[in-house]
Amino acid sequence: MNHGSSNTQANKLTGQEVAKHNNAEDCWVIIHGRAYDVTEFLPEHPGGPKIILKYAGKDGTEQYEPIHPPDTLDKYLDKSKHLGEVDMNTVEKEEKEEDPEEIERQERIQRMPILEQCYNLMDFEAVARRVMKKTAWAYYSSGADDEMTMRENHSAFHKIWFRPRILQDVENIDTSTTMLGSKVSIPFYVTATALGKLGNPEGEVVLTRGARKHNVIQMIPTLASCSFDEIVDAKEGDQVQWLQLYVNKNRDITKRIVEHAESRGCKGLFITVDAPQLGRREKDMRSKFSDVGSNVQDTGGDNVDRSQGAARAISSFIDPALSWKDIPWFKSITKMPIILKGVQRVEDVIRAVSVGCDGVVLSNHGGRQLDFARSGVEVLAEVMPELRRLGLQDKIEVYIDGGIRRATDIIKALCLGAKGVGIGRPFLFAMSAYGLPGVDRAMQLLKDEMEMNMRLIGCNTIDQLGPEFVDTRGLSMHSTGVPSDTLALDAYDPLAGPREKARL
Amino acid sequence: MNHGSSNTQANKLTGQEVAKHNNAEDCWVIIHGRAYDVTEFLPEHPGGPKIILKYAGKDGTEQYEPIHPPDTLDKYLDKSKHLGEVDMNTVEKEEKEEDPEEIERQERIQRMPILEQCYNLMDFEAVARRVMKKTAWAYYSSGADDEMTMRENHSAFHKIWFRPRILQDVENIDTSTTMLGSKVSIPFYVTATALGKLGNPEGEVVLTRGARKHNVIQMIPTLASCSFDEIVDAKEGDQVQWLQLYVNKNRDITKRIVEHAESRGCKGLFITVDAPQLGRREKDMRSKFSDVGSNVQDTGGDNVDRSQGAARAISSFIDPALSWKDIPWFKSITKMPIILKGVQRVEDVIRAVSVGCDGVVLSNHGGRQLDFARSGVEVLAEVMPELRRLGLQDKIEVYIDGGIRRATDIIKALCLGAKGVGIGRPFLFAMSAYGLPGVDRAMQLLKDEMEMNMRLIGCNTIDQLGPEFVDTRGLSMHSTGVPSDTLALDAYDPLAGPREKARL
Amino acid sequence: MNHGSSNTQANKLTGQEVAKHNNAEDCWVIIHGRAYDVTEFLPEHPGGPKIILKYAGKDGTEQYEPIHPPDTLDKYLDKSKHLGEVDMNTVEKEEKEEDPEEIERQERIQRMPILEQCYNLMDFEAVARRVMKKTAWAYYSSGADDEMTMRENHSAFHKIWFRPRILQDVENIDTSTTMLGSKVSIPFYVTATALGKLGNPEGEVVLTRGARKHNVIQMIPTLASCSFDEIVDAKEGDQVQWLQLYVNKNRDITKRIVEHAESRGCKGLFITVDAPQLGRREKDMRSKFSDVGSNVQDTGGDNVDRSQGAARAISSFIDPALSWKDIPWFKSITKMPIILKGVQRVEDVIRAVSVGCDGVVLSNHGGRQLDFARSGVEVLAEVMPELRRLGLQDKIEVYIDGGIRRATDIIKALCLGAKGVGIGRPFLFAMSAYGLPGVDRAMQLLKDEMEMNMRLIGCNTIDQLGPEFVDTRGLSMHSTGVPSDTLALDAYDPLAGPREKARL
Amino acid sequence: MNHGSSNTQANKLTGQEVAKHNNAEDCWVIIHGRAYDVTEFLPEHPGGPKIILKYAGKDGTEQYEPIHPPDTLDKYLDKSKHLGEVDMNTVEKEEKEEDPEEIERQERIQRMPILEQCYNLMDFEAVARRVMKKTAWAYYSSGADDEMTMRENHSAFHKIWFRPRILQDVENIDTSTTMLGSKVSIPFYVTATALGKLGNPEGEVVLTRGARKHNVIQMIPTLASCSFDEIVDAKEGDQVQWLQLYVNKNRDITKRIVEHAESRGCKGLFITVDAPQLGRREKDMRSKFSDVGSNVQDTGGDNVDRSQGAARAISSFIDPALSWKDIPWFKSITKMPIILKGVQRVEDVIRAVSVGCDGVVLSNHGGRQLDFARSGVEVLAEVMPELRRLGLQDKIEVYIDGGIRRATDIIKALCLGAKGVGIGRPFLFAMSAYGLPGVDRAMQLLKDEMEMNMRLIGCNTIDQLGPEFVDTRGLSMHSTGVPSDTLALDAYDPLAGPREKARL
């Protein structure tokens, strides 16, 4: 019927044949040893046509792999465009130019610190920054606009100080707690982050294994590099997973995803509500620049380049019309607890209670969406007293994520009333730099810190933590502790006194 | 009758003839191929005689061009001093010395980033700083005294954080609004800035074209490099323009300007009230230094050099006696709405209402006048609650300008009650670095940011924005977030511990 | 009976013999010319077995000396494992590789500033940082986690400003006061710090001599390098000493220590209550790294390296179960006044009064335990008004330590109600850089500053100091004055504007 | 009778003869061509004996000159020790070693910016720092301890922002006012600063001439390099001078000074009350170091070096017993208005009113005495409302000094209620770098700024200024805007992430 099926296995396509279809009017690409006719798909590609045309008539597997889950082509490209296998021996190997940046990166990898030199979660970030591919680093590390919220997320914890108590018998410390009814060893979970294969060829399953080992929950991302089933298959025993959901414009797809997740045993449905459109992350966009063939002549008019980094490329399906009206429908299609991820003010927490949600995550999406959104922990300090005032504190579980790097950060959040905290980037960085051993050590370091700091604050168990152990008087002052405005400082021409005459 | 008219076209002046008049007692200069006798004018020149004497007997067009509108000589030099055309072939070309700074600048221009590498308004400033002529950069970028207010203008926005709402259907975003009755696509206007030809040979008309394309209003400056009519002629269709007015000591001139503007279709009269005298901008003054032939011996006594940068050179006509008493007169000569530009405290906003003004711009002149004036957005946060308390919020339109670089800045201002915001320098920098495509992209970037951030804050239209979306608790704290005191840091001799002995 | 006793003096062990026992299954080491069989002790060694195995079959004295008090082997290793003397002439001298770091350090020592160039306590730290061995510096200078509390301890004083009075006759200044009934010349004491021999071969007795000279009290640390008796023996005349106590899991040992201290004349028992587990000090841990033979392959699983710097190596005996219930027992075994060291909130000060304690030290252990614990001086400003409100201000003596570097710091603490302040690290740094003359000069500098600043604040005697002399309005704002987050800044990838094309 | 008188003019001493008396037991020095026997004076020398012994048997004029007023030897050394003239031809010229620092300084002087490049008062400091002798710079520029107060003095103004009014007729600006009844052209005076000859060979009379030219008042310092009469002789016409007084332990000397000042026409007596002992200025002390012959061996014990910079050397006569009880006596010996200089809290201002003082200067001695004393302008903001509450605002004139660098600073102080401000260091720096023309330009710059900023704030005259023009909400927050702790930052060892392995 179609080109693809007319090529028998014995009659594989040759590289030469594919190479003829190398332009916008006739564009084939090879992915994982099979050819696809993407000519008609070009204008619909969320990442824009340019990036595909770079591989027109060629093998694009390496670039394609980390940002497309395995089932992408089946889902989005009509079977008639699947052209069948290619005899890869006939495909010309592209002579890669020696990329001086890549050579330097390989040198840095040779000299990278050994894992035991990482003593805290920040250390993994410092290492990852040096050993990751530039584009992968840019995707993981970037935030919205001036990255104020991204940095404030961590800085906010520095405005909270402790009021520890002494002379408690703290020989035995128990950091276990429950989240949505599941027992965990320590009150953090691995929150959903996209495109795990940018950091590690195995992708998100590495995090599954780490979470298993430390008995913490993993939240499976919609935009994983691995397929959902791969990630569920990687769990062991009674390991608990949750599902993070970007709601599709097509609710049938959403329904299918939710029902499948529930059938595979997911114990919580976290609906992302802070991303009707994925944010502009300029560091990410900037890193893509070298791939864009444009130049200054063609930038006027409507031919403006639309390729805006990995985030945009993968998110065009997200429904910006999602609203409170949809919540009852979600309750009708699943028995999983429903949690809104990305709530940012107390009014919406109260509304979440009233529509029957089981939880909220006070989150700004790791500072990747709206810049100058406040940190989760600051919103938490506003939310909990109001919930208590209204007697609603037990009607809903409140989580936060964003900026957590130390067990002291976790303890601060718990003192203020959080049920637990989500941690994302640090585990990605640990995985990118050191694989599973990195994730393992990162989690172990948190556990070590947690046990020690529970002792030092004078509490044996999680339920002993409370607001009397923290001093939050500095938390609301946004005039200060504001992260530095690095872009503006880069642009500003500082005043200076009179200059000397030049030396002769 | 006069020297000028006695030279027929066939009988042009020669360069040699002009060259004889090369001193303070007898000074001719050539501008645009015509000679002028400026001997008597020398002491009256607002920029001081020195700069003219540098070109005595020579062609001064290049230096003259960007800071004098085309009709300057007709307006200010008696016709009897217009000596007529010069045969430019007979004028000795000045062998320009190779200026090492200019050579380096040309190299930087070769390597300048392509337009698509600019992802936000700050980026244009970073590029412009490197590719603009030093004096032009100094004029545009400088602020008063320690540039505290100039920088605070932007920093103030960083003290305002968001309280976004979630789960609103934000599929459709409409950023359009009205300003003084005119419909615009987004709530910013191009505010008036002087001397556009310093940045681009075409001057302010480039901004006219950019504004047209994006359907925003342009405010025409009194101190434009282009003539007023050139800027009006450049508009298309029903494009809206406003007039910014420095009030002349001679009210007849002012009346003529206002009436002419109204007759040419201007839709608003913005009277500048924060500049009875143009500010000291030391970065600008410092950049002029190399042109001054003075030295340390002649600085005592009254012979102090008075050349104080471009600002002073062009502003001596401004009337420092302008006062509230003049407002009725303005209302008597025009039907255009009258807006006071440069209001800086709530008492004066209320007074503006009481004298029948249609609007105010809370502005400190881009930080170029009184240093330590507060930012427009801070004043706004003080003004609007008081107007509401008095029931005056609908009696006047309140605008702000200064420091706006991001759509989030615009949204913050609108949440606090502004009708719109003025943006000046960023478009100048975009124009200086990349011409019209730069202005176009700058505006498009703001629109992209605006649409996205409206979504992320959970609002579909401008009228949904309100104070409940912002947290301004940090805004009034001037003890902090104060821009760094770069001059003082440059001068301060920091303490240090004991020094080691020298190596042998 | 045992190996050791079977070797007569005439029949010393030889180096060759010892060298055979060089592995984990059979491990001998030489310390101070005597051999010990530590095979069975290896798994129990608080510092982990690795560090011992490095010296298996060899002489480990140099490494052993500074971190083990002289009586350690007698106390902790069964006599049967003491193998007797070794003929040191037969022990192969280890050819030390030239360590380039050590060579540089020796050069820095050659060029170190002379003592008179130190004008304040901070100066000693600057010198010590350059001349101390890296591991010793790391142990003394490090704090918990991000060292926020460590630095806040000093910064907090910078949030307190003076309100001096004028025109007092300040010819005669008397800075003497009493602490727990003992007269001292100035209201500071030398607080307990561990491992003095890391800084000076003589160890803590140097501080004893300095304290004597300046008539201030020394608090003897449990974890001294010198033995308790050596330190007591070093005192002269009626010199006063206190005992700092880490409470042992074995209360018999604790009882023996307390009774012995009282019998040797100690005048105060300071029970450390902020260290149920010794803190993670990453700078200290990092400095140990080069000694660890591990590599990235063996870090997964449970083989995680547990060697965590000097602090952990010496503290495993501390009882984390110590609680308020133990206080009556302490009162039953000693007549010394009992002071809780490490109290961190007002509720616990009140409880200390109620259980009959004689004093508290508001302290966070020099920022070495719980990061983000508040500074002693901030807690003091919270404690004293509450004590006065309850009429308890005379029931207990309140001390603080942490961050004191200037006499102005001491005066601020006394104005706020402290009876005195403890100073630790500065004297260690002075001792490490310059020995006893350094300690002497450090104390003299404090005295000179104290006399002058008493004059300048307008007070003749300590009892005139009071809260009316200080302005503490800035003290509670933790949003600001927060020490910079150096780790995060090291890891953060700052935003920058568009980059130029490369030069060709 | 004595050695001196027995040497006739014809019978001058020879260099050889003087050179024999070159040790502590027999010490002669030559000053201005005359020999003096200072053997017995050595132990009494306020600057310590060491510095004199350096010149034992030699000519010490160059070192002596700037820090001793001309009449010092007559006043302090008994006539019997005046040995008479020396035949300077016989004195061996000391071959000065080429001092590399001095050579570099001379080079910097060659390249120093011309005067017109100084656009503000800070600029003079930047130039002076590079062209002054190190010791002179250190004496002028240094402050107490960590120089926190010195820097806070200027920073405090940055916490005050303006609320300008618009549309005032500001054509005519009059900045004149009166101080203690004298008319001045602008509300600042030249405050007293010591040792003017360190900066300029003519010393304080340069300031007299500058003050005359600009019609401002000069306060004559007790510790001038010029004699009091030289400074009074330098005034012209009805020029006004005040006297700054350090009160001598010997009240007869004080009385003589006061009466003499009054008789010479001084119009105000400013009694310094913030300096019972002159402060420790470590930058000054450090700069003296190279002159001290001591070394590390002799620093133990009581032989501690006591030479502590210029400040201590010249101030031992100051009476620390001066108190409120002395004020009536001052009122009895002079009719000059009496002003207390160095008041630092509102209670003492009220007391000054009650004892009949005519004014106070809210001052902390330029940050040279008690570190962490608050800035004058902050104290002013506390004082004036309280005076108004008590109805005392017209009973006393309130001045401030410290940190004033801009006309905006002056205006802020006047808005808050000051009668005028004192400016010291900036004129010293202008004088040191450029002599009288520098002082002239510095004053003219202030006048230019003042006129412009009066216009921009919307006030024509000084009496229109009031608290409604300033926003001081940030002024009391000492947790922020605190100058950086440069010494501590110099000593602190910042945390850093894991380090890479070394390159091979």
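Labels A, B, C and D are assigned to the chains in the order they are written; within every chain, residues are numbered from 1.
One rule holds in what follows: a contact is a pair of C-beta atoms (placed from the backbone, for glycine too) under 8 Å apart; a residue touches a chain by one contact, two chains touch by 3 or more.
The UniProt protein names, listed by chain, are A, B, C, D = L-lactate dehydrogenase (cytochrome).
Predicted model only: the values in this text are computed from it and were never measured.
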Matching over half of the contact pairs by residue number, can you pick out the copy of the B-D interface from A-D, B-C or A-B? A-B
As a test of understanding: of all chains, whose mean C-alpha position lies farthest from that of subunit C? B
Between B-C and A-C, the pair joined by more C-beta contacts: A-C
Interface numbering overlap (same over half, different under half) for subunit C and subunit D: different
Provide the C-alpha centroid distance between subunit B and subunit C, rounded to the nearest whole angstrom. 60
With chain centres defined as C-alpha means, what is the inter-centre distance between subunit A and subunit C in Å? 43
Two-or-more-chain contact residues of subunit D, please, as numbers and ranges. 117, 119, 122-123, 125-126, 146, 282, 286, 476-477, 480, 487, 490-491, 497-498
Spell out the part of subunit C that touches subunit B in their complex, as residue ranges. 108, 110-113, 117-119, 122-123, 125-127, 130, 480, 497-503
Residue numbers of subunit C touching subunit A in their complex, please. 145-146, 148, 273-274, 276-277, 279-280, 282, 285-286, 289, 292, 294-296, 299-300, 304-305, 319-327, 340, 342-345, 347-348, 369-374, 476-480, 482, 485, 487-488, 490-498
Seen from subunit C, its contact residues with subunit D in the complex are 114-117, 119-120, 122-123, 125-126, 129, 137, 141, 146-147, 151, 154-155, 158-171, 282-283, 286, 405-406, 408, 412, 434, 436-437, 440-441, 444, 448-449, 452-453, 455-457, 471, 473-477, 480-481, 486-487, 490-491
